[in-house]
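For reference, the structures are reproduced in the following blocks.
Look for chain A in each of the two complexes below; its partner is chain B in the first and chain C in the second.
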Partner chain A sequence: MVKPILKLITVAKEVGVVTRKYPYESPLLTEEFRGKIEIDASICWGCGACVKACPSNALTIRESMDVMELVYFAGRCIFCGRCADVCPTGAIRVTKEFELATDELEDLEQVVIHRKVKCPICGKHFVPQPLEKYVCEKCAKGEIPTYMMVCPECRRKVGVKKMIRCKGG
Partner chain B sequence: MRVRPPKALRKSIWVFHLNTGSCNACDIEILDVLTPFMDAERFGVKLVASPRHADVALLTGPITRETLPKVVNALKAMPRPRLVLAIGACAVGGGIWHDSYSVIGGFPRLKKILEENGVIIDRVVYVPGCPARPEAIIYGLAVLIGLLKKKVKKEVKEAGKGEG
Partner chain C sequence: MNQHKDLLPQRLRPLESLIQEWRWIDKGRAVMLDVKRDKLVEVARILYKEIGAFFKTCAGVDERPLWGGFAVYHIFGIDEEGLDVVIYVKIPEKDHPWVPSIVREVPAADWCELEFRDMLGIDPRGRLTQRLVLPDDWPEDVKPLRKDVPYGYRPPRAEESRPVEAGMYPSGVPVGPYHPALHEPEYFELYVEGEEVVDVRYRGFHVHRGIEKLAESPRFDYNKVTFLAERICGICGFVHSCAYVMAVERAGKVEVPERAEYIRALLLEVERLHSHLLWLGVAAHLLGYDAGFMHAWRVREKTMILAEYLTGSRKTYGMNLVGGVRKDITPEKVPKILRVLEEVAEGTKKVADMIVSVPQVRKRLEGTGVLRRGDAAALSVVGPVARASGLNRDIRKDYPYLAYKDVSFMVPVYSEGDNLSRTLVRVEEVFESVEIIKQLLDRMPPGDILNEEWDIEPGKYAVTSVEAPRGEDTHFLITGVGRPYRWRVRAPTYANIPALRPMLRGQELADAPITIASIDPCFSCTDRMLVIDVRTGKRSVLVTRPKVRVVSLG
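Moving on, here comes the complex of A and B:
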């Protein structure tokens, strides 16, 4: 009866205390650990690459008349980090934050609001402002063609008109 | 910072583990919480076999159609105050199954069904993560019983503000 207990005591002495005092000390996090993502609104274009890559639709785009919202709902996120991989600007950063417990679902939301560019011909709002700015910078060095700033529908109409004129209409 | 816990939870809290069709990852993390390594018994947390004895239901999984009546029955059997800790991405918002035909899709939608059946849930704490870390579950429990305050907050940012 005494022998196994003595054996247990020796084993316990060798191992020591293993319990972590977590809420009162730092958690055990490795370097590769992925937690909640953080979107840097000042660099984000609103291109939507992260929305396409997200396997659980935690990142969604909410469209309205003149505003496009990129909504991140951490409650559905599986912390795979794919959005950070595909982000062309590096606006999405994977943090080590995992203490996300809350009693309201609203707290888990992160919203980035993008204002849309207005089309000078029809007055419709189409792409987010930073994305349009980037495309203008990349495609046309120096002068910006007039059809660059119009919405796809108007661009098509303008193009067709031009083509007809070229053919001798 | 310590916050005074609600009256019903000043003593040990007994938990009932309610799997509603999860992939078992969250369940293993719950087991991890109860092992000597993370040792949730420091806070008086004890796993019980019946919902009739439990203060808190540890709910995991996206609540499949098959488990829905059983989940409603189990939560009905719990005494008031009825507290639920929704663990994992599936229980919080449906996870990757959120639009699947065979699941209810997370605790918020279950809550509506429960209300229709006359089952009132007094407090819910959502613990996101896929699976939630043992530390995150302990943090959620601490938030639930009022040992710690929640950290996260809704963030609304305007794009392009940094550049001016």
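Moving on, here comes the complex of A and C:
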């Protein structure tokens, strides 16, 4: 009967106290830990790649007439970091933050607001401004950027018209 | 497999005259047999009883958008050949589809037949049927897995309640089955005579989450389902995500870098370490030996930190994508991994030795909850439960996948079939896993870890099995456009719960909690049992700790 107890005492003595007194001590995190994400609004183009890759719908797009909002809701986030993988600008950073408990739902939300470009022909708003700016910069100067400023619908119309003109119709 | 490509594999020859056609699927790892409905029972009987195949699962599929009818796939495996056999039965009826039930020949098909009846309305004829998966108030005419039911469909709330049917013994006050505070809602009714359990009734599926349907929905794609699959289980999630990606990769002929296969196998073993140590702790806790529980979990914690170090997360690793893994194991990490492995092996040895040497613990494990070999084979049980009952089944050996063909390890097998055997199988597996990880690290080839260039053809099949800590996890997949057309998951506990009936019958009530826990069913079921005294008909609720418990260790 004595033996098992002795074994227990030996083991317990050997290992000592292992409990970390969190939150008075630092939490047990390795350098690889993935927590909440942060979006750098100054870099983000609003391309939506992260929204498409997010498995849990934690990232969504809210659109209104002239504004496009990229909404991150940490309450749905599974901290997979896929969004950071696919983001073409590196706007998303995976942080180590995990202490997210709150009694205000808004605390879990981050919103990146992008103004949308206005189409000079029909006046409708379409792509987010930074995205347009990037595409324009990428393209050669010349005829293309004028089309770039036009919304897809008007662009189609202009294109068709031009084609017809070329064919002499 | 050294069979000729155009010939039906030797073992399946007896079926030649009964099948219409056959073909290789899944990169030559499985055979699909087209069988007419009237031959199904005979084919299943020969396959199961004469050829000696194990039954894995069955899946109903709504194939009306493809060719106008429904279909049922029965999936068997011949362990010795590492060969999966899929019986494909077409059902021409658009309304009231049916197939003959094979349950009389193959008892293990019991639940999955009821499942396709619930989910697709395919009637398994010639057997008793009842609702299994759908909640009692789900509308009779909505079959959720049919393609014309939208994935977000929510039925109206039930307005009235129905009385619960009484069991086969005197009825009393029905209590449960939901428990707000404890792990998962599963529900057992134990019928007792005095202290002896005479029968058991189980009612589960209270938390059916519709994951298979969700994966077919337009809001998912092949890569996103990987993360969904990982959430099937909180303990062996990586197993599910591996089984799923492997199914997609094999069906879609996606090349996977070898290094990625090594990393996956390594993480599967890390997951097994944590799962077995978790189980060991909970088993000690159920037997009232909380010191054992705490020390087992102390050792387990090291494996959790290791998992985070390797993947970024303690659980739900988020490592898999179709085509490989997301994070490499860099050479700097290796020494730390090896150090942790040493600590885990040494710690486990001491703690396991400490736990089983406590006489009260040992007595309650030895000779209790016996599952005889015959019963184990008849029910096609899997994992440590099978291995403790003398069945030498381990998917890692029988159907080698990932990097398991390149490592050597032992498969512990015990013949007693009692709770102690199941404990020892798991403890020994911890040491084997440690060795496997060391070998994997040693032999890991250099190179890429992710292939993102792939394109998956629709209408291809794969059956994958992965040895989870609690047994064989089987996924069956039909590819679709951009996402699976049908994805069927059979978790190991699904195969093991029916074995509780033979285990519990005729044993002391006090041993029931540990016996139920001994199949490692994610533990939830242990805390919800209804005890009915057959003589008085009195019902009461049994919580985790029965009255009899080990109080002192002195």
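Convention: the second predicted complex is superposed on the first by the 154 of 169 C-alpha atoms of A that agree within 3 Å, B and C clash if a C-alpha of one lies under 4 Å from a C-alpha of the other, contacts with A are read in each partner's own complex, and residues count from 1 in each chain.
Operating definition for what follows: contacts are C-beta pairs under 8 Å (C-beta built on N, C-alpha and C of every residue); 3 or more make two chains touch, one makes a residue touch a chain.
Since the model is a prediction, treat every value here as computed from it, not as a measurement.
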>> Tell me the contact category for A:28 with respect to chain B and chain C: first, second, both or neither.
In response: both
> Which partner does A:78 contact after superposing on A: first (chain B), second (chain C), both, neither?
Replying inline: both
> Where does A:41 make contact in the superposed view: on chain B (first), on chain C (second), on both, or on neither?
Replying inline: first
> Regarding the shared-chain residue A:5, is it in contact with chain B (first), chain C (second), both, or neither?
Replying inline: second
> Is it chain B or chain C that touches the larger share of residues in chain A?
Replying inline: B
> Taking the superposition as given, does A:65 touch the first partner, chain B, the second, chain C, both, or neither?
Replying inline: neither
> First (chain B), second (chain C), both or neither: which does A:106 touch?
Replying inline: first
>> Quick one: is A:15 in contact with chain B, with chain C, with both, or with neither? Answer first, second, both or neither.
In response: second
>> Quick check on my understanding: which residues of chain A belong to both its chain B contact set and its chain C contact set?
In response: 18, 28, 55-57, 78-79
> Given the complex with chain B, which residues does chain A contribute to the contact?
Replying inline: 18-20, 22-23, 27-28, 36, 39-44, 46, 55-58, 73-79, 98-103, 105-115, 128-130
> In their shared complex, at which residues does chain C touch chain A?
Replying inline: 219-220, 223-224, 226-228, 231, 291, 295, 298, 301, 305, 308-313, 316, 318, 326-327, 350-351, 353-354, 357-359, 553-554
> Inside the complex, what are the residues of chain A that reach chain C?
Replying inline: 1, 3-5, 7-8, 11-12, 15, 18, 28-34, 53, 55-57, 78-82, 85
>> Can you tell me which positions in chain B touch chain A when the two form their complex?
In response: 36-39, 42, 89, 92-96, 98-99, 106, 108, 123-130, 132-133, 135-136, 138-140, 142-144, 147-148, 150-163
